[in-house]
């Protein structure tokens, strides 16, 4: 009987502990800070570990750090009254888990009561936290999220801003490049296409199929591979023998690197080579050197934009790594927009959101403005030219470089 | 009589208190509660099968993901309660098939098999979505509030706890203990081992499936990498083992502090989270080798022994 | 096409086999289920990367540094962490659970250190990315080198285990740990050496993988799992099993990608794995000992 | 006398080795039969096949008119065969009472709750263990574990009880008690097949003995005769080499 | 040469051995007789270092205390055990099993000589040296086990039920071989139930009963002892 009693006591202890813990939290949550403002609290949850850490570590995190340093070096965030307040950063690791990112943002909003929240990395995570940003009234400048549903999301979450376009945009741009090249007789109009079995790859490939059809491009090979594939030789061999002049891969960084190397090995040198995320990483250009020339992908920069060039230099100097050629600069621009909106409207989140939606901002991209809460001044396609990844589509946009096709054969090292 | 009713009363009081939490805790508290209840349920459900049988399963996320994905797939076409029911039924069906196929495996082979199973299901879902439906990410726009999710999880956690308690004092619970101690004796006592294991595996799997189904609406967007994140399996396992998988409150005692620890670490040491977590883990293995509850009980016993000298020793 | 698929499959399978051999030693002889195995691989990949990009040391020479380092690391880790666990383990099952938990912690420590040191970025370098033509099929030289290294290491290990007294003693511990002390084998010492040897092989695998694959500080778990699958499929502690299971998986993946659908490669891997376990619950070459 | 257990041509091979080779014998209702033979002669293997722990390679085992060979142990247990094990197999993490309840709960009457507990105490009382009912099984002494195991086997209310070296390792006093206990069970009408090395016990309890050597049956008959058999003596004591 | 004093051993609450004392002289052959469960195997295991005896036991060999030494060091001290169930490495070949027998440092230098002796003793092993042991018959496996133990150059060879599960003819062969080993000057300590066979090659014998060592006598005296027969077959009433 002693035994039983002991168990019962322990059980009660366990339950009491749970209750106490919950109560404690409730107390903590209620605690407010009410003193004179000496700083602006900015928080973010980002994948520092887990599967998303690679992407976040290139595009997002360095820019957050760079921006905070830039602002604080200049004395802090400027408010409408000219007062400058330094940024105090609260940083969480979401461990690449949807449940964690939701909780971390909730914590930033309700417990840390930060003034603004920067977005996590990735389409899925930006969507996961969108309802929270909305409920707590924070503007959400979703950068690393590619989605065709942005117009719907804007209606659903009024303070969300979508800054990287949707699959259709990129697919249409690529289709028009292909169509032009076919018209010019550069290529035969056949394309081999592979895509990663992930939200990003599927979005793009489902947009590309109708776009290519409309542009009169024939898709002769179309396969999807699981993320983490390391050996592409079967697919490259198929593509090579398919008679296509153009090879398109909506891929993720590890696969983009592998595809480039394995295509060289297989002497597969299509006239048009379009690869996915990772092509715009500086390390890509560094590793492939001359061979990168002519390879296309999403994004790009205007090589003549001085501000951008200066940003790139500073990024490398401060964070030790060069920024990528697609999302990085936009991430930084999104932060500049936030900074400017705060300068104009102060720390009132609603006012800042309205200002973001309607105002025009000077950023490293040049003059930047949202259309229906979406950033549309983007490079839908870019190409490696002279050691830089430059924007080529839309061709009529200011600063666009001309597509150079066909790309040359692989050079022997 | 009060002796019998007291625990039930305390339990009801605790559940009621926990149910009241959303009214006072604010949204972060609710969020925290959701995460905690989620893991408490997962760990309790996991321990339901794996504790007494000592079959270490890494298939947790397979069922968790099935629940989440079912909700994502049917969220537009069904009313919410039906959605949960369907998720539960799918989980049940998969558990039956898997259970029938795997219960002859033992030890590490079972561990890796269940891990492979989770990955296989994830790959098949991906392939199906890509090739048949042509989309991968799915959006869930259900009008479920965080409070609603919290209460549902509380209900589920309570259910899991009650099932675990009931099994602990029922015939099937005894059967499980016997199986865990010695399968040969179990079958010589007339116990149909395969049936008992299968029943428990199924109950445990359905509970896990429901956790996934209830939590999914919080993510708004679901794709296989999100729904079938293998860390869920590992964390569940670690929590249950830490608390002591063989006791009713063991998983609870593992899940709550570990969850808080993770939260605290990722909030305060975002850059050194991994290292500290790893060291804490190693420390736990060395300091609390048999779980928190066993540790507490041992010290309790020791304290009793040293404190009350005139009590006869345990053996007498 | 067939020859191409066959060769690519062998190359891929060679890497799997190489990676799995170390784990099968650690699990089969030392009885440690090492969840931090993949992190050991990635650490070596980073080491090779650093040596290549800052010292200009080619990875094959890098092996000469990485493998002994891995061996030493394994030796230290076993001595510091596993010895107490082995000493207190009541039976095989409790050691298994303890080692899973402890190495799970170790996994995080390794990963954390790599994250702090190298960041979360994708890392790769280009080495021997030149075409080589074999039987009319073009393959990357670095992958062929990977296969050759896998064969060399596999063969070397096989000879070590079958032709030397020391290796035979290690196998004896795997076969019958209870009887090994009767011939004067110190089982704990043998386990420690096997664990260290396994770590050395993990390092070799890491260097080889770094030659042609992109990796990050967090990608270790992928390798742990691939290795585990190969080990289990081949039969625990069985070197030939690990080799053949690795090759089978490589071939299956390549053939499925070539002839069925690249989208089903991983699904095929797991299906084969599950099927093998259902058909032979102790793996291809394993023996059920109860 | 009607036969309760009929074994016919029973064979078990492990790999190439025949551990039991074409053994046939039968046990009548109410009989106590000793299954003897030197170590490694295949006695335990026979027991394991009767209880269903091992499937026979060939041959049949029938209980009454019903063939039970090939069934799983739980089915055979429900048909009225229960056993003890050569190396005592308690359920260490359960209490002594729970050990017995395990057999009651899944046995033929499927008792549970208070009824099962009362019944378990009765069974424990029979073997003289009622006072230890709430202790953990692992805290018992060796002899008490054996008693508990017997209580557990009896709780299944067997028609046929298999005792595998149940008396081994007992000291002379304990042995006396043990023999008396088995005798009591026999008097209740339970048929017993026992593997035993304690010859005094065999002589005291068994009316008949089946003797095995190297997997084969070498003798089958009244105890005194079987033990006086030249082949049996040779099997036990060996032959001095010439 | 071997002196065991006051050796007791518990498994949980079960007393397996109760203050056992035995000795084996140089080159002497000693058998321990007794029914199952009498603790004979436990005694050999304790001497070999496989199980740890209770406090107070003293095992000395060649005037060196070996109590509590791990098993692999006991081998180095010159004691080899052929365990019950043989303990061979089934997935290894005969040759490998024998090679491992000479793993101990004391034996390595003379491995070739030892192997010659073993092959001479069991010519069958030489024929089958490349065969995997688990494919061999029980008698052959027993040869491997004994051969392997001899490879470690022991001064004392302990055998636990060597005739277990073997056909009578094979048992005869086995004891012939043991006789030859004995002639080589090795001390033998044998636990055996084949009373006549083992006594026929022994100098002395002990009678074990329920964890105690009862009688001690010369082999020839034991051969005719009624107590021995009673221990195995009981007394006719």
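All chains are identified by letter, namely A, B, C, D and E, in their written order; residue positions are counted from 1 within each chain.
The working rule: contacts are C-beta pairs under 8 Å (C-beta built on N, C-alpha and C of every residue); 3 or more make two chains touch, one makes a residue touch a chain.
No experiment lies behind these values; they were computed from the predicted model shown.
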Next on the checklist: By that same contact rule, can you tell me which chains touch chain A and chain E alike?
Outcome noted: C
Item to check | Pair of chains whose C-beta contact count is the highest in the structure | outcome: A-B
Checklist entry - Distance from the CA centroid of chain A to that of chain D, rounded to the nearest Å? => result 73
Next on the checklist: Suppose each chain is reduced to the average of its Cα coordinates; what separation in Å results between chain A and chain B?
Outcome noted: 34
Checklist outcome for this item: In whole angstrom, the CA-centroid distance of chain D from chain E equals 31
Checklist entry - Where the centres are mean C-alpha positions, what is the separation of chain C from chain E, in Å? => result 41
Checklist outcome for this item: Residue numbers in chain A touching two or more further chains are 48-51, 197, 224, 226
Item to check | Multi-chain contact residues (two or more partners), chain B | outcome: 123, 126-127, 130-131, 271, 273-274
Checklist entry - Which pairs of chains touch one another in this structure? => result A-B, A-C, B-C, B-D, C-E, D-E
Checklist entry - Can you name the residues of chain E that touch chain C in the complex? => result 48-50, 70-72, 75-76, 80-81, 83, 87-92, 96, 99-105, 107, 148-149, 151-152
Checklist outcome for this item: In the complex, chain B touches chain A at residues 6-7, 10-11, 14, 17-18, 21, 24-29, 31-35, 38, 123, 126-127, 129-131, 134-137, 139, 141, 215, 218-223, 225-226, 229, 231, 248-249, 252-253, 256, 260, 263, 266-267, 270-271, 273-274, 293, 296-297, 300-301
Checklist outcome for this item: Within their complex, chain C touches chain E through residues 165, 168-169, 171-172, 175-176, 178-187, 287
Checklist outcome for this item: Listed in rising order, chain B residues that touch chain D in their complex are 171, 174-175, 177-178, 180-182, 184-193, 246, 314-315
Item to check | chain D-touching residues of chain E, taken from the complex the two chains share | outcome: 11-15, 35-37, 134, 137-138, 161, 163-168, 171-172, 175-176, 193-200, 210, 229-230, 232-237
